Each structure stands twice: as C-alpha cells, then as structure tokens.
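Structure first, then comments.
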C-alpha cells in the first residue's frame, strides 16, 4: 500500500520521547504530508514508561500541526512503514557511533522494502546528549527529568 | 525569497559529478518539487572538468524528471539556497569522516540562514568509494573513468 | 605446535555464516596453505542455527579449494590458533566500530600467543551491511534470508 | 559541599583496576590536592573481583603519594562527586568509541551538578588495549593476568 | 625551567580566538595558577586576523582573572611549554576527527618533553561547530561574525 | 605479469621510513615470498629526505631476510603492483582516520586491477604515533629523530 501522499515514519522505542526527538520531527515536518511517530515495542523488553502516557504526550505535542500520527508497532520497522504507506524513514544522528549503527540498518530496510529511503538529520547541538537511556537513568535515581521531555512527566515517588 | 514549493539544493564542486551523486538525487527526488544541483565554483581553485560540459551532462541526466535544475554558484552555499528559495540542503554521507566534516557545516549554514535544514542520505554501498577526487586521479593518469560518471565523458588524449 | 605450512584461522560465531564471511575467505585463500574456519561456541550463549548444519554448509562451500577446514572451538581464540599451528588470524572490517573493537583484541591475542598476527581485510562494499545479527533478526520474523548465506538455508516454518 | 582544595574523582567499576588506570591517576596527580578513586558498584551486577581486595590493592599502590583516597559508591557519579566536594572528574580515553560514549555522559553530569568538569587524558599507547573486560576474560580462562594489574593478584585455582 | 606553580599552556593558531576557546579556558582555569594562551605563528602561513588585535582582545577577555597570560610563539609547542615552565597543555575536543588528530601529537609532545601532559576537555555543545576556519570563511564573505568571538571584532569593509 | 610467487607491495611516500613501517614489514614477511617496499614519488611534491639515502637505509634494514626489494615508482600504485607481479598490497592502520581514508582507495585499486587485494595490519601500539609527517616536523626544528627511524639518520646541521 503506497499513496500519493508523502508519508514518513519516525521509529524509535521512545522510552521516553525526548526534546531531541521532538526537534527532529519539527525540522522535518515541512517535507511531508504526514509523519507517523512509531513507538516500537518488544514483548521481551520491559519499558520504563507507560505506552499510553507516551502516546498521549507525543500526540498533544504535535496536535496543532494536524500532520502527525502516533502509533505503536511490533516487528520489523520496514514492514510497518510499508503497511502505513510510507516511503521514508526519519532518523536523527548524534555521533559517529549512531552513524555506523544506522548504516547497515538502512540497507537492511531497503532489502526488505526496496522503495524505502532513510532520511537523516543531525541532532541539534543543544540536544546532542539527550538520549532516552540517560533520561531513564536519571529518572530511576529520582532526579527531575522534565527538562528532557516536551510534555508533562509524572513525578517519581520513592 | 521563499515559496510554497518544496525546493532543495544539492551543492558540491562536482569535479566531476559521479554516479554516486546521481544516486543521491534520484533517491531524494520524490520528496521535492524542485532540486537545484548547484555546482560550487571558486575563482582560486582550478577545476579539472569544464563547467559547461558538466552542466550539460547533469541536465541531460535528469531531463525526464522535469524537476531538476543545474546552476553554477560562487560564495556561501546557505546564501545561494536562500536566493533560490530553498529551505533544504541535500548531502550524501559515505563514512564517519564525512559525518564529522558535515556536522559543523550544517550548523554554520543554519546560523547564516536559520530556516535551512540539511537532509542526509547514506551513500549506497556500491557507490561508497566513488569520490570526485578518485575519479580525477584516475583520469589524470589516462584511465577510463566512464564507469564512475552517469554521462558520456571526453576521452583523455595524452 | 607450529609448522612450515602457512595456516590461518578465521574465527567467528558464524550464527549464521554469511556471503560476507565467504568473500573474506575467498580473497585471502591464495595467501595460505590452509584456512581453518573456526566456529566459536559458548555454552552460555544460545545459538539460532545448528552447528552441524553450519559446519556442513561451510565445508561444502569451499570443498573445491581443498584448503579449508571447518572446526568448532570453545575458549580463547588465540589458544585455539596455537593448537592448530596457525600464526595468522583473519578478520573482516566493515566500519570504524569494528576497527575500534578489533584493535585491543588483536593486541590481547598477541599477549596470549606472541607469534600470532591478525590480518584484516575490508569487507567488500556489497556485503558491508551483511551481519549475522541482521540475518538472525530477519530470520526470526520469517523473512527469506537465502540471499545472505552462501549455502541452502532451511525454511522457517512458523 | 565544596572546598578550596582541588579534589578530583576518578570513577570506574575497576573490575579489576589495571595498570592503565594507574597510569591515568599518576599523570593527573600533580594537578590535584586529592584524587578519589571511586569504585562504582551496582547491586544488580555481579563483580568478578572482591571489593576489599581491590580497595586494598589500589590504596597500597598510591600509599606514598598521600593524596589518593579509595572509596566505594553506588548511584550517580555526579552526585557522589558533589558529596565528596570534587569539582572534577577524570576519565581516560582509549579510542573514538570511548570518545562518543563519554561525550553525552559528561554533559549529563553537568546537568546534574553544573560545577562539575570532566578532564580527559589519552591512555598511554602501551596501555591502550588494557581493559578490565579483557583482563576478566583472560582471568576466567585461567591465564596469568598479573601483567595488567599494578598489585599482587590472587592465583586462579581451577 | 619548571616551577612549583601549576602552569598550563593553551596553544592554537587562534585565527581568530572564538567563544569556544574562551569556554575551554574558563572551565579549566580553577585547576591552574596560570594559563598561558599561546598564539602559534608560522612565517610561511598568512593569518587573516592581526596578532596584536587578537592579543589585546584575549587579554581583555580574561583580565579580571589575574591568571591568564597571552603570548605569541613560533616553533614546537612542547618546547614553548618547557620554556614557560608549564607541565600541562590544554586542548579542546569537538569530535572524533579532533580525537584522532590530537592523539599522536600528544605522544610526540611527550617524546620532546617527557614531563608534559595534555589535558582534554570536550567542547560544550553550543560551541561544537565554532571553528576558526568557519569564522574566517564567513568573515571573508562579509558576514557578521561577532557572535563567534568573545571581544569586539573589526567591521569588514568591502 | 603475475607469477606463482606470493608477492606483496608495501607502498608509501616513506619520507622518511619509520620504525612503524619496519614493524609492519617484519610482521607480514612470513606470509610472502617477496615484499616490494615501493617508495612513491611525485614530481610536484618536494621530499624532505633523499631517495637514495632512504633506498639504501631500507635495503640494509631487511638485508638478512633475502625477501625484501626496495623500489621507487611514480604513478598509480595498483598499476605498479601489476607490473611487479604482486597480487597483494600491505597497509598499516593506526586509527579510524586511516581506516576511512584507506577504504575507498582499496576499492579504487581493485577497480584498476581486480586481482589486487589489500591486506591491513594494525600498527603496534608503541608505534601508533610514529608518522612520517611528525618525524619531518621534528627534524625541521633540528630535533634528534633517530629513535623513529630504523637506520642511521644524517645529522641536521643548521
């Protein structure tokens, strides 16, 4: 299923979604008619943050644009992109470790779904150290992580 | 000058334009209403290949698309992009050296022209070693470089 | 135990052996009298593909050369190389992450067995994104992975 | 709690402390009035080497300097540094993988404790391949690892 | 000539000195009794900015600290450091290209002057794309570069 | 012209040949029947050290092996390798910058001469910072560089 609309998927585990993720979406939004923020899940991997909480938070974040949909998926990203009619994936690059990690994945995705192109943006400098894993680490130790997330976070009570 | 059209600039010295460059343009073309292939010149730097030869070759290469314009420019890329109403630059990334080189440049371009986003694609593996400098090197030694360039090259006579 | 024969070990977990691995062996074969493809096992780590299946597949792949032996080993690679009288290890390098990973390992191997040299080849571009982990990922999701492996793969039935 | 003394924390899991770690401390010692070697522990992660054994070994190693304290901590490194009145963290860099790993961490630490600067030294070449994980690997296989550690190691009996 | 004072040299061509350079000096200043900002010159390499202008600008920038001296030198950095009694060099690291470039230089400096340690700081994210060469490039094209430099720049008149 | 002998070319500008270069040759020598150390020259690029001096020095260095030939060449390395009947190039890798630089060159060499394989060795840690350009730099400033070169260097008189 493809369409005439320019649809992109921005995939990630988003545990949690950060201001760095938000920044990538906002910068790339003018290029597309629809951007699907796709929260990848894996039944074997425990998440720190609740899926519904994230879905609502991200949806609210881009409500005014009218072009962003938030979905949850399981399985191969390339097949999910095909299902929703997207011919583009969006990924942010923070550093050379990201670069080397993403390179073979983008080729593997093309093997699965040859029409799929991956579009990369460099993370803005002020967000270059924002990673979901660092946010989780701070959160687990009870520190305030509101600065890293573009919507209201729950208070950690412990 | 901006417009409602999605215009991108693909800048480079293109001395010469290679099949790797062509590949980037073709993959990104569905995203834009117009792609300006911008041949950067510098009065202090001698070119190996003739500008008109390149301009004609590249133009012919994308004639059927109706969306590609080939232009020659001098000066700052970001200002050129602003002039032609483009809000996006396109760059290919071959490796981590490219990554580290492009990262500060994309930020500097944003400093000059804040609406300008740089979109990166990874070079397809079969073209990862195609660089204009390697083509020039082979050409200077009289080797056939037709394989690297998507239009008819002059024969080297010496 | 060393010998006058030029013997090399090509170690890996090979779960599974890919066309990228095959390519490295073929390119390096003229240099050696014998290449031992050494499938490293670890009783604590579950494999996706059966060892006998792999051993037979790889053996068949190089049968005509008469110079390739396939062995299974557990423990330190350098000690295994010493046991089979090899003074060379062969490793493929795909990218800078591989480079930084292999560098200290090759020195540690020399600490264990000072006569052991590690010889590196760059992965051919068409195989640069072939990794055992990507093949396993596709295989788990029921996709056809025959393209990545140089011998007949079992069909996934689930 | 800060003080007029120049205090630095050199954090790590040090499982075990290696000659590479010792080298970093010795080279940086003239800069500080006190260096706290901080052994990070994590109740969920099993250690190979005994904490008291390490603490005694490291303490003995720097006894003559009168400026080194060895402590064990759990939790966020930046908060530990704050507690002991340190405004500097010390980290060694072996390669670009270390570089990309440390970069966001040093920024996150600054987020937690804004007065905290991380000071990096390049690992001396002769120690560049010394890593705790390689020492553990050799130790598990019963090899002599005394060369890698600056104090007397227990003999492995198995 | 060495002394009991903790003296560091921060060397560079500083053509021009940027806010990124200033940031490194400020962050490292509490560690030292004196920091010598050493403007390296090379009779064969033409500078864009006047040496006296830079010297005055930088001096003014750190006047209140009472610990910063600005000097001009020619020749090997390690020998200059020895001359001024410094046992430490300070360098900023922006990315992996810087890392690989600085690594052998710091070892060569130690060969020349074995007591010399090089201390590295990661460039703060907001300054990561500030490089003297980018500032020169913008300046040559008549753009305002005041944002990049911590003291009053001359106006470009052309 | 190919032969049954295993011939390798170790190319470089070797201005000068260093102990790091010597180390690579010694480690790889058991693999080959002949190693040609090929000093690349370029009429447009001035050398610091005399070609005959280098040729004699390197030849003396490996005289006892009976397997090393020193030659001077101009032009494309791959064509030179073909001429001398070599099917292998030898290159040392010091770091990721070398890696990214060598990768496309080895592919270009294969384009020119498809039977040519490039074999890489990691530079031994003690030589990782030995580069011809650093030796030249020290030499120009009148420093003793004997430590870096495996044969008697001329004294610098100035």
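For clarity, chains are labelled A, B, C, D, E and F in written order, and residue numbers in each chain start from 1.
As a convention for this text, a contact is a pair of C-beta atoms (placed from the backbone, for glycine too) under 8 Å apart; a residue touches a chain by one contact, two chains touch by 3 or more.
This is a predicted model, so every value here is computed, not measured.
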item: Chains in simultaneous contact with subunit D and subunit E; value: A, F
item: Longest centre-to-centre distance from subunit E, chain (CA-based); value: C
item: Same-interface partner of A-E, chosen from the options B-C, D-E or C-D, over half of the pairs matching; value: B-C
item: Fitting subunit A to subunit F on CA atoms, where both chains share a sequence, rotation angle to nearest 5 degrees; value: 180
item: Intercentroid distance (Cα basis), subunit F paired with subunit B, Å; value: 35
item: Centroid spacing, where centroids are CA-atom means, of subunit D and subunit F in whole angstrom; value: 39
item: Centroid distance [mean C-alpha coordinates] between subunit D and subunit B, Å; value: 48
item: Touching two or more other chains - residue numbers and ranges from subunit F; value: 95-97, 100, 103, 107, 125, 128-129
item: All chain pairs that touch each other; value: A-B, A-C, A-D, A-E, B-C, B-E, B-F, C-D, C-F, D-E, D-F, E-F
item: Residues on subunit A engaged by subunit C in the complex (per definition of touch); value: 75-76, 79, 96-97, 100-101, 103-105, 107-108, 111-112
item: Subunit E residues touching subunit A - in the complex, by the definition given at the top; value: 95-96, 125-126, 128-129
item: Subunit C residues touching subunit F - in the complex, by the definition given at the top; value: 6, 27-28, 30-31, 87-88, 93, 96, 99-100, 102-103, 106-107, 117-122, 125
item: Subunit E residues touching subunit B - in the complex, by the definition given at the top; value: 94-97, 128-131, 134, 137-138, 141, 143, 147
